[in-house]
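What follows is subunit A paired twice: with subunit B in the first complex and subunit C in the second.
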Partner chain A sequence: MIEVKEIEKRYGRKKILKGVSFTAEKGEITCLIGINGVGKTTILKAIMALTPLHKGQILIDGKPIDKHSFEKITFIPDSLTMLPNMTINEAMEFMKDFYTCWNQKRANELLGFFRLEPSSRISSLSKGNTAKVNLLLGLALDVDYVLMDEPFSGIDMFSREEIANVFTSHLIENRGVIITTHEIGDIEHLLDKVVLLDDGLVTKEFSAEAARENEGKSVIDVMREVYQK
Partner chain B sequence: MKKYLQLVNFEFNRIVKLFTVLLGITFVAQMIGVVVQSRSYLNLANEKMYKEMMPQAEFLESFGQMSFLQIAKSSWFFGPIALCVAGVAFYIFFIWYRDWIGKNTFIYRLLMLPTSRLNIFFAKITTILLMTFGFVAVQLIMIPIEIMVLKAMVPNEFRLDMGVMEVVTIIPELTLIFPSSFMQFIFHYGLGLLAVSVLFTGILFERSFKWKGILAGLLYGALAVVVLLLPLLLHEFVLNNFFYPIELLVLEIIMGLLVLSASIWVSGFLLKKKVTV
Partner chain C sequence: MNVNFNNRDPVYQQIVRYFKEQIAIGEIKPGEEIPSRRELANRMKVNPNTAQRAYKEMEEQGLIYTEKNHPSKITTDNEILGQVRTELLVEAVDQFVTSVRSINVPVEELLDMVKEKYTENSEKEV
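This part shows the complex of A and B:
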């Protein structure tokens, strides 16, 4: 389980996170929702120790993040984190060299799934294909948790569909996923848990299934209630 | 250790093109320098001896023999060395900033590798050292080749032959690159390593705290210089020449190690706890 406990973060004098707390379970898809600038990406970066926090604590399976945690959790940011002059093959080689949890079989499967050409140079890829390579490099790691920042942002409809299909496949099964997205419609039916953020705080944390079954509300209905109050 | 070596290999491969280009420029420019300087000397000799009928002995007395010193003092020789030095100096900064700038922010990947983040620091500093020693080593190989070309172009009687050791010990600028004793080597390259480690720490301060980080980096640099010079300052101004030279040297080595350790520790702390992407 990923536990985010009372985290606070300032950029200059502006307080972005004012004590955010939530949990994300393994085997569940947790979605962070909030308007631009609410600190969704900052939370993901903080989980990966890519930005320091002013207060609070983050635990992964009960322990603070350390170098070994990167074999257990991965972050797929909204931009590609590989050198542009590399080919997809070279990027995979790099991952294989550095991560013991790299799963080449799954990487090959993802190559086929996304119809990517391993010899393509990263700098020559379209935005959609770049996002797919990003997903490939993250999902081919045998990790327990995957953090995804806006995987659908600025991507054409067909690529969005392909990426959304990943969430229903075995590629995600049994893993804990935290995702931030604006395009909630693409994956609404797949979400297990939703964390609504506003003004640096969690305004509501709820089970998507419970909302559907008990109250007959979709995630978007709950969002409307919270944000348009 | 394995991850560190993999990172060094990876970092070095990233600069291998620039490194090869700079080496190529150095080789070509210095070779042109040998040819140009030798030909200009031979042209002068021809003009004086065949047009103005100056006897060979008088020519040699007036203009001297051609030696490698004339080549080594020309900008054909020093220009590319300066270019390589500038290249290394530029790359000390670029080796970090290239991972942050641009569309593909590679620093995410580096910081998320399942290895100590200090290995990134060590790999980058090792790359700078490899680059520097690479240039020095290739320059050492180039000099005898250039001497051979000089010998092939200028006849024996017009030439004052010099060995590689003579060349690198006579020219003061070259003694900086090729120290003549082990102590000098430790002094020159140790100081260089210290400077790079302090600069890296300064860069990481900037990457962690932005504008405030620049100030912190500058303060850290100033503090490092003061700590390094402390024995000399005390010796000179407070203790009235108290130390023997060997004691002073030992104290300086201790201070150098102290600054190096502090730079490594602070950089490790910044990379682990403060750096932001």
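This part shows the complex of A and C:
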């Protein structure tokens, strides 16, 4: 379980996170939803210890993050961070050198899944295919938790579908996933838990299926209630 | 297995309903093996936890059964299968009655209309 406890973060004088708390379970897909600039990416970076916090604590399986945690948790940023003149093969080699938990078998499977050609140069890929390579490099790590920042933004609907398919496959199964998005429409059915953020705070944390079962509301219904007050 | 889910009913219930409909129209046969949970999640594009929950629900209702180390199968219990058909029929009729009641038609007139439409449609299909 990832526990985010009362975290606070300022950029200069601007307070971005004003005491955000939520949990994300292993084996579940948790979705952070909020408008642009609400601090979704900052939260993911904070979990990865990529940005210092002013207050609060983050625990992964009950322990604060340290250098060993990076073999247990991975962050897939919203854009690919590999050098553009590398080929997919070279990018995979690069990851293998860095991570002991790199799983080539799974990487090959993902290559097939996304229909990517390992010899293609990253700079020559379309936006959708670049996003897929980005996901591939993250998902091929044998980690317990995967953080994904906006995996669907700016991607055509067929690529979106392909990426969404990953969520229902064994490639994700039993892992804890946190994704951020502001467009939830076509992934509603995939989510276990939703965390709504507004103005630096968690406005609501709920189970998607429970909202449907107990209140007959879709995730979007709940969002409408929360954001249009 | 292309299911159009609505966003307001629990997805697991919609999956259970899908199976019931398929059983009722004979698309899935009694005793037939059903896909594994993971496979179902993948085909229906739902969360594997949801697929798991749907199967648990169906197991509790006696709709499917699982023997050790074998894929789950649709029940062969005729009583339960009969219940499925009745349940779907009752539900459909209930819905029909609710929407028609607001128009305030005498029941005889309504029945005649239903008969007419029902036979008309089935003739067309033949």
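Side notes on the structure shown:
Note that the second predicted complex is superposed on the first by the 229 of 229 C-alpha atoms of A that agree within 3 Å, B and C clash if a C-alpha of one lies under 4 Å from a C-alpha of the other, contacts with A are read in each partner's own complex, and residues count from 1 in each chain.
Everything below uses one rule, namely that a contact is a pair of C-beta atoms (placed from the backbone, for glycine too) under 8 Å apart; a residue touches a chain by one contact, two chains touch by 3 or more.
As the structure is a computational prediction, the values presented were derived from the model and not from experiment.
Clash-free side-by-side placement of subunit B and subunit C is the outcome of superposition onto subunit A.
Once the two complexes are laid over each other on the shared chain, residue contacts for A:Glu213 go to subunit C alone; subunit B is not touched. Contacts of A:Thr74 after superposition on the shared chain: subunit B is touched, whereas subunit C is not. With chain A as the common frame, subunit A serves as the apex of an angle whose CA-centre rays point to subunit B and subunit C; its value is 160 degrees, to a multiple of 10.
Of the two partner chains, subunit C is the only one that A:Leu191 touches; subunit B does not reach it.
By the touch criterion stated above, A:Ile29 is placed in contact with subunit C alone, subunit B being left untouched.
In the overlay built on the shared chain, the residue A:Pro84 is in contact with subunit B alone; subunit C does not reach it. After overlaying the two complexes on the shared chain, residue contacts for A:Met48 are found with subunit B alone; subunit C is out of touch. After superposing the two complexes on chain A, the closest approach between C-alpha atoms of subunit B and subunit C comes to 28 Å. Residues 27-29, 164-165, 167-170, 173, 188-192, 209, 212-213, 216-221 of subunit A touch subunit C in their complex.
By the touch criterion given at the top, residues 5-13, 38, 41-42, 44-50, 53 of subunit C touch subunit A in their complex. Those residues of subunit B whose C-beta lies close enough to touch subunit A in the complex are 3, 6, 10, 14, 102-106, 108-109, 111-117, 208, 272-277. On the subunit A side of its complex with subunit B, the touching residues are 45, 48-52, 67-71, 74-75, 77, 79-84, 94, 97-100, 122.
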